[in-house]
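Labels A, B, C, D and E are assigned to the chains in the order they are written; within every chain, residues are numbered from 1.
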């Protein structure tokens, strides 16, 4: 049994060695993450993370608000969806939950729902009945600022008051009073005016009514009202999506068309001259190393804004990528086939066409199609800087922080667009590569 | 002890195992024979709970095991070790680790994942490997071993479980005749010395005859023979394999006669 | 007709072909034999201008071909078709397209690049395939064919070139005996019926004896035998292969006797 | 040379779509007047418009003073300032406003010592150039070098981002633009604060003004110098009279109520150009 | 079949094939040229007029950088901390995304998934994570969390989960199930089976994919800096925006970023080659 002691010792030593990895790797990973945690100042960011912003964002993604705005100077009251000019109710019309004043300087009654009632009086007056809290009264004037009275007790944190401004935020809605204006906002779920703006005769009709109208010969008008919707601008958005796909397509296809012939210069077996090969390869490395977005910035002097600039930027980077991939594929080709073609007396072009291309076509197509999909995403990002397209719409909508429902709309469209391109490239890949023959 | 009651397994419309009833009342070595597709593997896999029976009950020492789930099921798996035709080791890990996997049910997850095996377990693993004559390979990667050695590692892993029952699904089908002998002899020795029940799927009649105390013949999912090796005549075998008159036992034989006799003797001595 | 004058090929310091001089004055079928590395392939590749000779001259019908370059060289390649051991087809393209590659020298660049083959050429390609008994495979991809069929496609491509000379570099080395017979018989038939010169590297004596009118033996790059099959005695063969006393012809034989006789007869009929 | 299209660049500050829509009427008028297609481009940042004008791919834009200076410094021949927006009170200037969160206790630049200060876009006049010059002048020890007076000085990317960053506490104070007329609690009459307040992104009660620049001249409407004379003349007249011909359109183009556009020339911006050259170089 | 019918059927096949090939080729040419013309039309500058000016901008930058070449080393050193931040964003997001991707990959791999009902929804989740550009997630997160590296890190990590989850699961699908079954027969739990049975098999390929992702993520994190998250992209964008006067700085940052990308690319592909080759033997 002395044997087994030796075996035991070596076996245990082996296990200990493997533990070096088992503990070492996670420990290193953990140590790195801890380092990054503090390098990124995570505790502070987490502490300051604004949950409220997140809540606003989520709420705004799926809801809209209707503004009732009174100019405290003139006393005029306006109703507008999202407070936008384009969402304004035509003169004389008002939402059903508002009882407009019958006489100038009379009382406007706003029902925010859940028994939240707001009354607007003449001369900048306002009275808000908050159930479970009490009555808030306020008066705005040029001279005195905003004077408000609240129920007894400390001011709750949903009221933000100063001498010139009072902001009240409840579950039912928001009220802002300043010297110049008084604004009451009520929230509703959904994407209002997604199909038609208020000035369209089709606004507010049910699906059945619309269908009936469409069959009644108004299909064109209905489409036009939807397509030219001023709030959501479906036409421009679709153009933007198209531009994005266009950038990806032209960039990818153009890069492939340039890389295919030049890759021969970078392949050891086709370019015996070392200098050329090295030069081509370094050029590829350079094109690839400079990201598409930086190419966009560089190209913006010569080409200015627009989709062509984005397409060219994608073309520049991907020529580098494809050149590298293709030349690697070329270096792996089977010489026998080429020799077979060569032995018949075929010229260099024919040798490339029949001896080489059929071999690299599968690699080539699958790479190009894969990049087509991934470039759709790149084009979105590039568009955000210069090109245009859906990326620009999206970043601008996010940066100017106006309507998160528009952001949501764009994001959904982007996801759908990428899915579509993914499916398309997958379909083409299957057809062209397994179905083969046709293109050979 | 072990009782299998009209155990049935259907895959879709196909019935792989059909109302199999078997009673084992003392630790013996059982061979299960049958043509390809007869349901041998499926039966064994149900015993180890790798497959859920469609109908029927498995009882072990009065306890019903066929319905167990979760930790209880794993407990039963720990009690009835399984040996596979393709060894089913972790090829990139060393031999001792593979053997120590036999303790996984008892070991905590953390201990298993961090390879913090107790020294006592490591010692036992080495002893078992020594018993099977491959302790020298303990620190090697499993994939570096020959087929016969790998199967012995699998047996060692089974022994590490300290099981009441050892199930072996064609343990020698992918081995050359010499290694086949060594492995079968090892199983036999384990049965004899440790008193464990061994149930072994075999695809050759002579192996079943030579090593088993009892032979069960299966055909199209059903048990068509259950008796001693002596009762297993060529006629019966023909029934089991559904073979026509040209059936010849030799065609399936793995018996080695002259050349490897020495090797076998050595191997027996080692076990 | 074809004259090879002290043709030499050196790779670095190694001499693959050493002052080979061969004269062929009428279309015959020549077999070249020799041990591996004797320089057979290199010789054939020089004839097809796939390799440039270091020294020496190749003349065909009074015209010196060994110095040709560019289009003239390709013209000569079109005249002397080459068949390879590994077929060297384009596996992803269909059989007819592969055969049509035989017209690449004649086809204009545009036609060649767009694969707009004339109907007449397509018809001729299929006729050639029919002659070789594989017209049924016309539309399949080359890679879907068996080795023997692929080699016949390669022969068809050669025939499509309508060459004066066919060079074949161990055309049957990667084929099973039956397919080897079919392919060699096809080459023989082409020689006999079309009156083309066939020069064929072979690695088996009996094949050379059976199909060739003249046999050339090479050893270390030099021609050590040049005569009729009858003159090729076992003693001579021993010299060529540098084999010791244990040399036995059978070891290299691909002759098939009983079982495949029918198949061969069929194949002959087809060709 | 022959003009075959006319490209207008529009600076950021609004949703790309809104910018397009606001300027579409101008494009329509221009197209009618010039007889060529007119396109509107809305690059994401100031640099996009600057590069477009420098490269000659954009023909017209309404720039900030600093952006104009940036172009002038790179190529004095590239563009010519022609018009400037006039405010309702007849002035054509606005202010850079420094602000902070009210609950941070910061009420002046002195309180900003050791805090993080946020600029907008590097090419913005009110969001960078002017404050980077005037703020250090307002105190002995104040410099704009990160880590000296301020703990850090960062670019948020634009006026909107600055407002959000201050409101969120990512930076302690920042600068943006406003006309300085009207009331603080409304975000003044016009400017980035007004827009953010109207949009409900910030509650002006939560912010305080901590600094205000001297009046900054409005940026010019510029035309590419190489454009044919008649094209330049047509466009100048079109924009100059837009206020009378189509007040709604003028509102959109000028981003609010204005008194229209007045002619201006390079001389008005010489100071800014000098300042920019001193501050940034070129 | 007679030779004549073969002639006819093959010729017919050739004709349809040619028809389809020409239709496909024509379609491609039309799409490409048409698309190109539309893009050209909708762009501010035209393709041909722009060509002579492609180098104008780089020339300006180079001119200033070469004038001030003495200050370049200093500028490079100054940009170094930002580069570290960019690399850290990529590193942390690759690690976190890779770990999460690994777990999800095992949950959605046929034959390994412990809860088959969760496979389809999890796969859709991976698809969506993959489809969303990092930029989109980052911009939304900047709104919630404020600027800095963390939103970028989370955004890239989420995208990485989607990308690696899919690749990892493809690798795991090809892993041998035998060790898993062997472990199952001894009563091992799911996590034990995965860690001991699958992980050793897939580790080299997973690592190789993760390395590739790291390379991609370095670019991504530099890019996100461009649109507002921190790191070297932020500095580069500002320097480029400033224009003359800061071009030397832009050049310095560019050189640093480019060198990093090339170095990571080269070492990464060398490492990956070794990993996958090592796995094969």
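Assume a residue touches a chain if its C-beta (ideal position, glycine included) is under 8 Å from a C-beta of that chain, and two chains touch if they have at least 3 such contacts.
Since the structure is predicted, the reported quantities are computational estimates derived from the model, not experimental observations.
Visitor: Touching chain B and chain C alike: which chains?
Guide: Touching chain B as well as chain C, we find A, E.
Visitor: Among the other chains, which touch chain B and chain E together?
Guide: For chain B paired with chain E, the chains in contact with each are A, in label order.
Visitor: By mean C-alpha position, what chain is farthest away from chain A?
Guide: C
Visitor: Quick check for you: compute each chain's CA centroid and the global CA centroid, then name the chain with the smallest gap between them.
Guide: E
Visitor: Pick out whichever of the two, C-E or A-B, is joined by more C-beta pairs in contact.
Guide: Ranking A-B and C-E by C-beta contacts puts A-B first.
Visitor: Rounded to the nearest whole Å, what is the centre-to-centre distance of chain C and chain D, using the mean of the C-alpha atoms as each centre?
Guide: Centre-to-centre distance between chain C and chain D: 81 Å.
Visitor: Between chain A and chain C, what is the separation of their C-alpha centroids in Å?
Guide: Whole-Å distance between the two chain centres: 64.
Visitor: Would you mind pulling out the distance in Å between where the CA atoms of chain A average out and where those of chain E do?
Guide: 17
Visitor: Distance-wise, how many Å sit between the C-alpha centres of chain D and chain E, to the nearest whole number?
Guide: 36
Visitor: I need the residues of chain B touching at least two other chains; which ones are they?
Guide: 113, in rising order.
Visitor: At least two other chains touched by the same residue of chain A: list those residues.
Guide: In chain A, 48, 50, 53, 297, 300-306, 384-385, 388, 395, 399, 401, 437 touch at least two other chains.
Visitor: Taking each residue of chain E in turn, which ones touch at least two of the other chains?
Guide: 42-45, 50, 53, 56-57, 143, 146, 148, 227, 240
Visitor: Give the pairs of chains that touch; include all such pairs.
Guide: Result for touching pairs of chains: A-B, A-C, A-D, A-E, B-E, C-E, D-E.
Visitor: For chain A, which residues are in contact with chain D within the complex?
Guide: The contact residues of chain A facing chain D are 48, 50, 53, 83, 160-162, 164-165, 167, 174, 176, 178-181, 185, 230, 233, 236, 297, 300-306, 384-386, 388, 392-393, 395-397, 399-402.
Visitor: Which residues of chain C touch chain A in the complex?
Guide: Residues 48, 50, 71, 73-79, 81-82, 84, 86-94, 97, 101-102, 104-105, 107, 109, 112-113, 115, 141, 154, 157, 161.
Visitor: Along chain A, where are the residues that touch chain C in the complex?
Guide: Its residues touching chain C are 336-337, 339-347, 349-350, 353-355, 358-359, 361, 436-437, 440.
Visitor: Mind pulling up the chain D residues that touch chain A in the complex?
Guide: Touch residues, chain D against chain A: 7, 9, 12-17, 20-21, 41-45, 47-49, 51-52, 54-55, 57-58, 157-158, 160-161, 164, 168-170, 182-186, 196, 198-201, 203-206.
Visitor: Using the touch definition from the top, list the residues of chain D that touch chain E in their complex.
Guide: Touch list, chain D to chain E: 7, 9, 39, 41, 45-47, 50-52, 55-58, 70, 73-74, 121-123, 154-157, 161, 164-165, 168-170, 277, 280-282.
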